[in-house]
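Common to both upcoming complexes is chain A, partnered first by chain B, then by chain C.
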Partner chain A sequence: MTDLPGFPSRRSFLKASAAGVAISGFALAATAQPAPPIQLDQYQPVFFTDAEWAFVLAATARLIPSDGDGPGAIEAGVPVFIDRELTGDFGTAVDWYMQGPHNAAADPLLGWQTPLTPAQIYREAIPAVNAWCEQTHGAIFADLAPDQQDTVLTAMQEGEVELAPEIRDFFKILLQNTKEGYFADPIYGGNAGMAAWAYIGFPGARAAYKEWVGRHNIAYPLGPVSISGDRA
Partner chain B sequence: MNTILRVIGGAAVLGAAGLAAFVFVPVQRTVAVTDLPADWKAPEGAGEYVMYAGDCMACHTAEGGEPFAGGRAIHSPMGTIWSTNITPDPETGIGGYTLDEFRAAMIDGIRADGAHLYPAMPYENYRLMTEEDIRALYQYFMEDVAPVNNAVEATALSFPFNMRFGIRAWNWLALAHEAGPSAATGDAAFDRGAYLVQGAGHCAACHSPRTTFMAQDGLTESDENYLTGGEVAGWHAPALRGEGSAPHVWAVEEMAAYLSTGRNAHSAANGEMGLVVRDSLQHLTDEDNLAIATYLKAMDGEPGTPTVAEAATTTETMLTEATDLDLGARLYMDNCSACHFVDGKGAAEIFPELANNSIVTAPQIGGLANVILHGAELPSTEHRPMKLKMQGYADRLSDDEVAALMTFLRQAWGNDAPPVAASEIGAFRAPAH
Partner chain C sequence: MARQEAKKDVVIVGLGWTGAIMGIELAQEGLEIVALERGHDQNTVPNFQYPNMIDELKYGVRLKMMQKPSQQTVTVRRNEGETALPYRSLGSFLPGNGVGGAGTHWNGLNWRPQAEEMRLRSYIAENWGEQIIPEDMTIGDYPVTYDELEPFFARFERVAGISGTAGNIKGELREGGNPFEGWRSEDYPMPAMPSTWDGVKFAEAAKAAGYHPFPSPGGIASRAYVNEYGMQMGPCNHCGFCERYGCFQYSKSSPQTAILDRLKQYPNFSYRTESEVLRVEMAADGKTATGVTYFDEKAGEEVFQPADIVILATYQLNNVHLMLLSGIGQPYDARTGEGVTGKNYGYQMNGGVTMFFKDEHFNPFIGTGANGFCIDDFGMNNIDYGAEGFIGGAYWRSGQTNGQPIRSMPLPSGTPTWGAGWKRAVGEWYGHAMSIGAHGSCMSYATNHLDLDPTYTDRHGRPLMRMTFNWNANDIRQTQFMKSKMEPLAQSMNPDLMQSSFKKEGAQYDVRPYQTTHNTGGHIMSATPDTGAVNRYSQAWDKHNVFALGAGNFVQNTQYNPTGLVGGLAYWTAHAIRTQYLSNPRPLV
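And then the complex of A and B:
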């Protein structure tokens, strides 16, 4: 698998996770009390405008809906994760090669060719998608009914929503960032209460399973632990 | 009536005279235990080696200061004692000391001017050194150490400890033993080990308990309480003899490895002992560290083989099954088990064993609390240069959690130490150094 900015391979994800573990020791507050989970309705977005925030809330709520057996993107705080992520290294493409020449319309196999950072893509793509929704369905995305929103998202994924080459990858990064916010450590704002980990049975940052290597077909009994030591 | 007055008056005069004598009569210096020729010369390097064995540098060098120029604060219950400049600077160091004056400082605790040293200087132990070693050390300081002009802060203890003549009475109790090494048994390794442990190494200064008068309770193995464990800077200095002690449980080679590298199959040298390994023991020859280990192992006769505690298996099974863990055990799984493992054995020379670990089970909880909160670092030694580090968990664990974790550790794998209360943890939150 190629390792391109915005579409990290498993390897670079693992590298990034390890760095996160290393950094977290410094980032924590001096107390050992776990931070209370972020209340989505009280959260003040750092990056998103109100209109953008409404879009992200609505879109992530359809990508991982709340009516399944596990927590949805909203309960997991995924929009908070994306808001923070876009102000951070990923959103600002801080460690990517972002010099020209840019040929945004190049073959997707050639990777990130747009001159825009992920944050800039959200900023330009959300109004474009909203405009398409108004034209096609008579309302902006956040105001559509859930099944209409699903139709729009499917159209985006199929490439049926005409977007400029510079922002054509918007759906891909939106879906990717939603998954990241759902499964990343709570220290980054998503996966509130480690609910996503508990749902899939992932034990978190314990990093020690030596005695389980040979224990086949036995359910692992411990709940997850986060980077900052919280238990669930 | 008159008779009574006369008796009282007479007693008062006698008392005053006695006190004056106690304060003002010059002190006696012990003569050399061996009469060496005046032109006797220590072999090349011998003096420096004695310096390492005696760990002079650790106390007589300030943090970031010139070697042996003094000025390190040594905290005692009586106040802060400032270590002296022992470079051969004539003005601020010991450049003006004759051999007899140097020997008196080493084995009688008496300065060149006749004043008593505070027993932070382990002259109780140095008293058991040979004249050859004292001569070699004198020669080293006078000829090989560069003089440094550094006037250190004068030690000013509170009353009555600022009355140095009071040490004279203390010395009657603490210096009752003959000068010179213990009688040889004929076993060369044992005798060499005994000499290093009792004398220059001054192990008993930390590892023996203290008497009511704060003297070392035991200087040689004929003393009942010798090396049965003491306290230093809030840490427990573990017993070096008896059932379950490290010399009892570890093989001689494992003990020698611990002394020379700060790590072995069981444990890692932390706190003050880490400094002893760094500054002193790693500079000794392998033969000498083996001799020390041999002596510690054989001091009480051939120790028995430790039995494998059934409780060790119980804890390991409990952590492996991992169902219904209490908070302490759960915290161990979440924070510790990646390195120390469910069997608590860690990994040889890297992660210390926690079963029967003297820091874990110590009566003073300071050592374990400090390691959990602030982490630990192994000294870099010639044989094992890597400064292996454990991270601290002060930011990750609350007082309740640290106490629960410590209680678990102190009772897991057959350990049998009392639980720890959350209220005891706060005192260790600020790093010790």
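And then the complex of A and C:
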């Protein structure tokens, strides 16, 4: 999309605003080439093993399916996002208080109480879920039919797949990370081509709407931009 | 042995809103001052600049501007019978970290308390009799009045650069402002910000219902502005990345935009970052402090910083923690009601209604932290406590702050949380919802308090602070009352769908969802040394050269966001130190 008809361009607006110092950074970003989308089949996971990768591909494909309007988790690159997050500060819980003693079975209202990091939870929970699938459906999760996979995900969400207290929140974490990868800026490996933003009508990192505040009840016309300056 | 630094006149612990205010006010006295800040240094450029700041995952979700629990946190239990467990990852509240503190990433909603809130116990006694106050409700009167503080509220508003429409100037009511607010000596320094569609829709409905809507008062510049320190703000562009973010535009009130660059020009002021204060050290007679010991992150060692005056400006939770660790004030004992430090911990009771309009466009990504319109028709001074059966009140606001899709995705209740149904719903409903929030009071109780945890320690081996907090029936009745009034108003707007979210009887405190970073009390102000930790000048009753600033001073939380009162009290305290203490250091009361 181009700039707003009848309004100064994004760049001249910035120049006129108090953010003068940010101009050079923006101009640089605006001329950057769009990053090529990551091909899922060629992607080499940095955290996940092959078996874990197969699970994450299959599960996220059901959490945000590809059919219908808007991208699915697979087209958005959500598995890449999760893989990268799990090796970073989030996956390793570097910012969190992880000292014991731990009471993983505590009232959920008291928050994160497992001794495990998010990365460790994926590592322990995926085989546990696969074992449950084999027992109840005769195959690991990735090998089930899509409607069976949906049944398993529903069972996980409702707590019917018995998981040890240390990993009981796995479904919640997986779903949260899936949505994060769908809607986060593409620099993190998901939301490929900003297609999830374009789908819902979120303009991404534009962050300048002074001229539209008073345009009540009129849909904003511009598509998204990303932190690295891409447009969609 | 700890390394020792050269003695200073003043050491300020924490360089957020209150630390910056004390720094610049005392620097004008020519005192030698050092501020110690546990976090990193940060400024608009390069830390908050475009486009890197516009990153929901990093700042909105991973909370990279906030206190790291790995460095400092609390433990939480809902009652005495429960074992408190650590607040391991942030949820319910998000304390700040680094230069500017939470003052960098707040919403900017700036309120003064009502005069009645400052003398709540007397106000109730005069109107209904003290017998309507439940036995375990430990509310009181502040030992300082609204009238005394008024010039200091006005000063903070001028420094911070607040936009708004006054409703009461020297007793004269103004059209378009809040008719129920306390009197102001002057108008807001800047006119109110324009509102998005949701706020205007709400204001029209509220007016039709006979209420009194007014634009939200906020530390968000509606035009170019220069304050008394020569600090400049530029007009806000409704970027929609306000709360949880530093402002890339120099538009949001913060220590960075209002104070710090001027403060750094004083040759008698210096500051050190990555310097976490571990305790306040005491003189042999126990009557005064001698300075503070901090951990120098870069050198990896403890350092003693001697000073004649110690200012605690570390945010409510950290202040109370340091006071408990250092023996400032007798620790509060919930069983006997004796002791002062840790008493009257308070929070906020909020609720709201979300409405869906499938054919309307709200463009939710257009917003500021203090966007929209408010009403105060159900505020603390408008409720008949005797008739309604609760003590409290709330202000209501409608005004979108952000449309960041990971966190801000209201969907009609019953929508699947994943799968084809969820995907369809986000496409269908994003941008077609608005909400009204009730921002309500939470009284002080004998049971809600802070002390040291018996089990968990921080990386320096110090006990974590333990928070004992739960919702109380009185405040649930308050929020249920708001529900009964808000739903009909929302209904009058004819939404296609609507849903409410108000706490119900028996609700337990849940640390996971964000609620507010309005933690209050714990080193409350009092008229006598046996009822609070500090006197009316925020001066520790038992250590006259220690001053503790921030919402820890609140006898009970107000129904509003706290910073207008926090800023006003900081200027009030600075004034007392300048005019009464420096010439003759002593207990001021």
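In this section, the second predicted complex is superposed on the first by the 201 of 232 C-alpha atoms of A that agree within 3 Å, B and C clash if a C-alpha of one lies under 4 Å from a C-alpha of the other, contacts with A are read in each partner's own complex, and residues count from 1 in each chain.
By definition in this document, a residue touches a chain if its C-beta (ideal position, glycine included) is under 8 Å from a C-beta of that chain, and two chains touch if they have at least 3 such contacts.
Quick caveat, the model's predicted, so the values are computed rather than measured.
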Inset, instruction - Determine, under the contact definition given at the top, whether A:A207 touches first (chain B), second (chain C), both, or neither. - result: both
Inset, instruction - Could you say whether A:L175 touches chain B, chain C, both of them, or neither, answering first, second, both or neither? - result: second
Inset, instruction - Go through the superposed model and pick first if A:R231 touches only chain B, second if only chain C, both, or neither. - result: first
Inset, instruction - Would you check which partner chain A:L222 touches, where first means chain B only, second means chain C only, and both and neither mean what they say? - result: first
Inset, instruction - In the overlay, answer first, second, both or neither for which of chain B and chain C A:Y188 touches. - result: second
Legend entry - More chain A residues in contact - chain B or chain C: C
Inset, instruction - Indicate the residue numbers of chain A shared between its chain B interface and its chain C interface, in ascending order. - result: 25, 29, 206-208, 210, 220, 229
Legend entry - Footprint of chain A on chain B - complex, ascending: 319-323, 325, 330, 333-335, 337-339, 341-342, 391, 393-398, 401
Inset, instruction - Quick one: which bits of chain A touch chain B in the complex? Just the residue numbers, please. - result: 25, 28-33, 206-208, 210-211, 215, 220-222, 225, 228-229, 231
Inset, instruction - Enumerate the contact residues on chain A facing chain C in the complex. - result: 13-14, 17-19, 21-22, 25-26, 29, 62-65, 67-70, 72, 89-90, 93-99, 101, 103, 106-113, 150, 153, 157, 175, 178-180, 183-185, 187-188, 196-197, 199-210, 212-214, 216-220, 227, 229
Inset, instruction - Please give the residue numbers of chain C that touch chain A in the complex, ascending. - result: 44-45, 49-52, 54-57, 61-63, 68-70, 73, 76, 83, 85-89, 91, 194-197, 200, 224, 232-241, 248-251, 360-363, 365-366, 403-406, 417-420, 422-424, 426-427, 430-431, 455-457, 508-512
